[in-house]
Amino acid sequence: MVCCPPEAVAGARAALEFSAAALAAGCRIERVFFYHQGVYTGLETARAPSGEFDPSQRWRRLATEHGLDLVLCVGAAQRRGVLDQALAEEHGQAPTLAAGFRIAGLGSWLDAVLAADRVIRFEG
Amino acid sequence: MVCCPPEAVAGARAALEFSAAALAAGCRIERVFFYHQGVYTGLETARAPSGEFDPSQRWRRLATEHGLDLVLCVGAAQRRGVLDQALAEEHGQAPTLAAGFRIAGLGSWLDAVLAADRVIRFEG
Amino acid sequence: MSAVDPSANRAARRVMVVLRDPPHGGARARERIDLVLMALALELEVSIVFLGAGVLQLLRPDAGADSVHDHGAALGSLPLYGIHGVYAEAEALRRYRIDPDALRLPVTVLGAAELGALIHRQDRLL
Amino acid sequence: MSAVDPSANRAARRVMVVLRDPPHGGARARERIDLVLMALALELEVSIVFLGAGVLQLLRPDAGADSVHDHGAALGSLPLYGIHGVYAEAEALRRYRIDPDALRLPVTVLGAAELGALIHRQDRLL
Amino acid sequence: MNRVLNLVHRDPLASDDLTTCLRLCAPGDAVLLRGAAVTAALEGADCDRPEGVRWYVLADDLALYGLGLRALRADVAPIDYPGFVQRVLECELCQSW
Amino acid sequence: MNRVLNLVHRDPLASDDLTTCLRLCAPGDAVLLRGAAVTAALEGADCDRPEGVRWYVLADDLALYGLGLRALRADVAPIDYPGFVQRVLECELCQSW
């Protein structure tokens, strides 16, 4: 579970590098779930200034390489304005979800928690 | 200067109620400048759950009643995905700035700081 | 995350949620409770523990206080949904001078040692 | 905000920016420096003071550290843009065991009393 | 010498904002506790009391945190938003922590 | 009894995360310092040392904060990300502060 906003570089980087190291060690990553301000990682219109570490892009790349499931919590995302096609239509807004991420409920996180041996939360 | 995100209810409310009280006391408010995570206040697609305090809507109402100038810092807004028409075109994105807010540089904040007698920053 | 061998851990049922966020400072405190509610809906054995500034969540806003974002209703509903245990750290209640009998939710007050033991008996910390 | 009578405060020129954010924990530390740069561009008399965890901004990441989001270049440029004063609280440097001679920016180390006096002489705190 | 109104919002038991702020205070300055920092206004709260510093607490936030009926420190005055505005006008400078 | 790996990221001089975490530790638990909390790994850092608790610090973050060449507490071991993964697998539980 990633709880830190993308601008919190140390936290965002730790979550990414840890995930890459876990995959390299032969672990399976059931799901990467973005909660609290972590959902801003999936906001399509946000862009780290050039040269800066860009968590959104880095997650997308890692996910493509390893088939990771990147999920934003629906409640946290709605509150903070990250909307997929369905939510956008519901609210009469344009979608703002970045490619490579999907939106689902907390239940999908708990399913992963129970399926996995370990759960790790990344803050700040 | 409002530095707290809209979800930080105590901070967002203090900034609003203070502004309303200052206007009632006959003070003039040169400018309300949203910086750091405060720029999320102007994100069009975000919505506080129903029944909750909604800073974005409250600022808009106060601004309409008193002709306030609600400004988001351009650098902070771009980084966090709040784009007006011009920025959106520049980045090939859809605009995400809520009505009632505009985007400008830090210079516009400093102009207001120098024109006013007092400057107050609202955090968390 | 799973080690290479997905072993017999399907029986993980005892979970604990540590609540440390002060209320009204962001959506975190409320969103952590949402997580508790979801764990209850899945019929896990859920315990929660209020630590540090988290104990401030246990106070009911005064009558007449602008009800800006009070997650009290959600908190109050936890016993109805069959929460297993509601704990608060004695040291935190003492430091914030909070009377454990005047809270919006009945809590069991524990010292750090007992709380530590409880945490170490869980299957998952959420 | 202005009182009803917009008086002769156009001469406000001495401004101070207090920097307390640790680096790498968000965009705040960097954005506070942007504000300093803007004040310098407007030719104000700008002083900055590093307090608490803010003194960690004064350390240069080790050679070879992934340069994720280093606002060192911006910090280092401040003397070029004619910053009036760069201060750090002695107590903070002591608590973080930071040697004031090994920093990425020359600083004047002050005790709390001197720092307090300095703050009280400003026209604006940004 | 300009007077400073210090706005403190973080809980002093969980952060060092208040102690840092108090180290730099001078007589004539004011401290306004709001947000989770209202806990420092309660009777028995343990913090430095620099000489000549006036203390205020935002009554709305005391009520929000469910502490409005609790006894306050004798040296802390509860204020409302108009009072907040007055405190800002009394001081030349304002520092947020 | 399950062992807990505690992830601490806030600077202990500015927050109460580390002290709270240490109050609840048991022998066999581990504390991993990352982010601004790496300052607690430096030689001379002042914090509780509960018996039987293993201490680690994320070397990448020490370097990021410019502290990679400084002397560390003798009881704190610097680790890299593969080491972080191993520490997670050694403990049954993980708590983030």
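When the chains are written out, they are named A, B, C, D, E and F in that same order, and each has its own residue count from 1.
Here, a residue touches a chain if its C-beta (ideal position, glycine included) is under 8 Å from a C-beta of that chain, and two chains touch if they have at least 3 such contacts.
None of the values given here were measured: they were computed from a predicted structure.
Steps from chain B to chain C, minimised over paths through touching chains, total 1. If you take chain B and chain E together, the chains in touch with both are C, D. Counting C-beta pairs in contact across D-E and across A-D shows that the higher total falls to D-E.
Look at where the CA atoms of chain C average out and do the same for chain E: the two points lie 30 Å apart.
Between chain A and chain F the centroid-to-centroid distance comes to 25 Å (mean Cα coordinates, whole Å). Taking the mean of the C-alpha atoms as each chain's centre, chain C and chain D sit 40 Å apart.
The multi-chain contact residues of chain F, meaning those touching 2 or more other chains, are 13-14, 16, 35-36, 60, 64, 88-89, 94, 97. In chain B, the residues touching two or more other chains are 5, 7, 10-11, 13, 22, 27, 48, 75, 79, 118-120, 124. Multi-chain contact residues, meaning those touching two or more other chains, occur in chain D at positions 1, 3, 24-25, 27, 52, 66, 68, 124-125. Two chains count as a pair here when they touch; such pairs are A-B, A-C, A-D, A-F, B-C, B-D, B-E, C-E, C-F, D-E, D-F, E-F.
Residues of chain C touching chain F in their complex: 1, 3, 18, 20, 51-52, 91, 112, 115-117, 119-125. Residue ranges on chain D touching chain A, taken from their complex, read 24-27, 66, 68-69.
Against chain E, the residues of chain B that register as touching in their complex are 3, 10-11, 13-14, 17-18, 20-22, 24-25, 27, 118-124. Residues 13-16 of chain E are the ones touching chain F in the complex. Within the complex, the chain A residues that touch chain C are 22, 26-30, 35-36, 73, 75-76, 79, 105-107, 109-110, 113-120.
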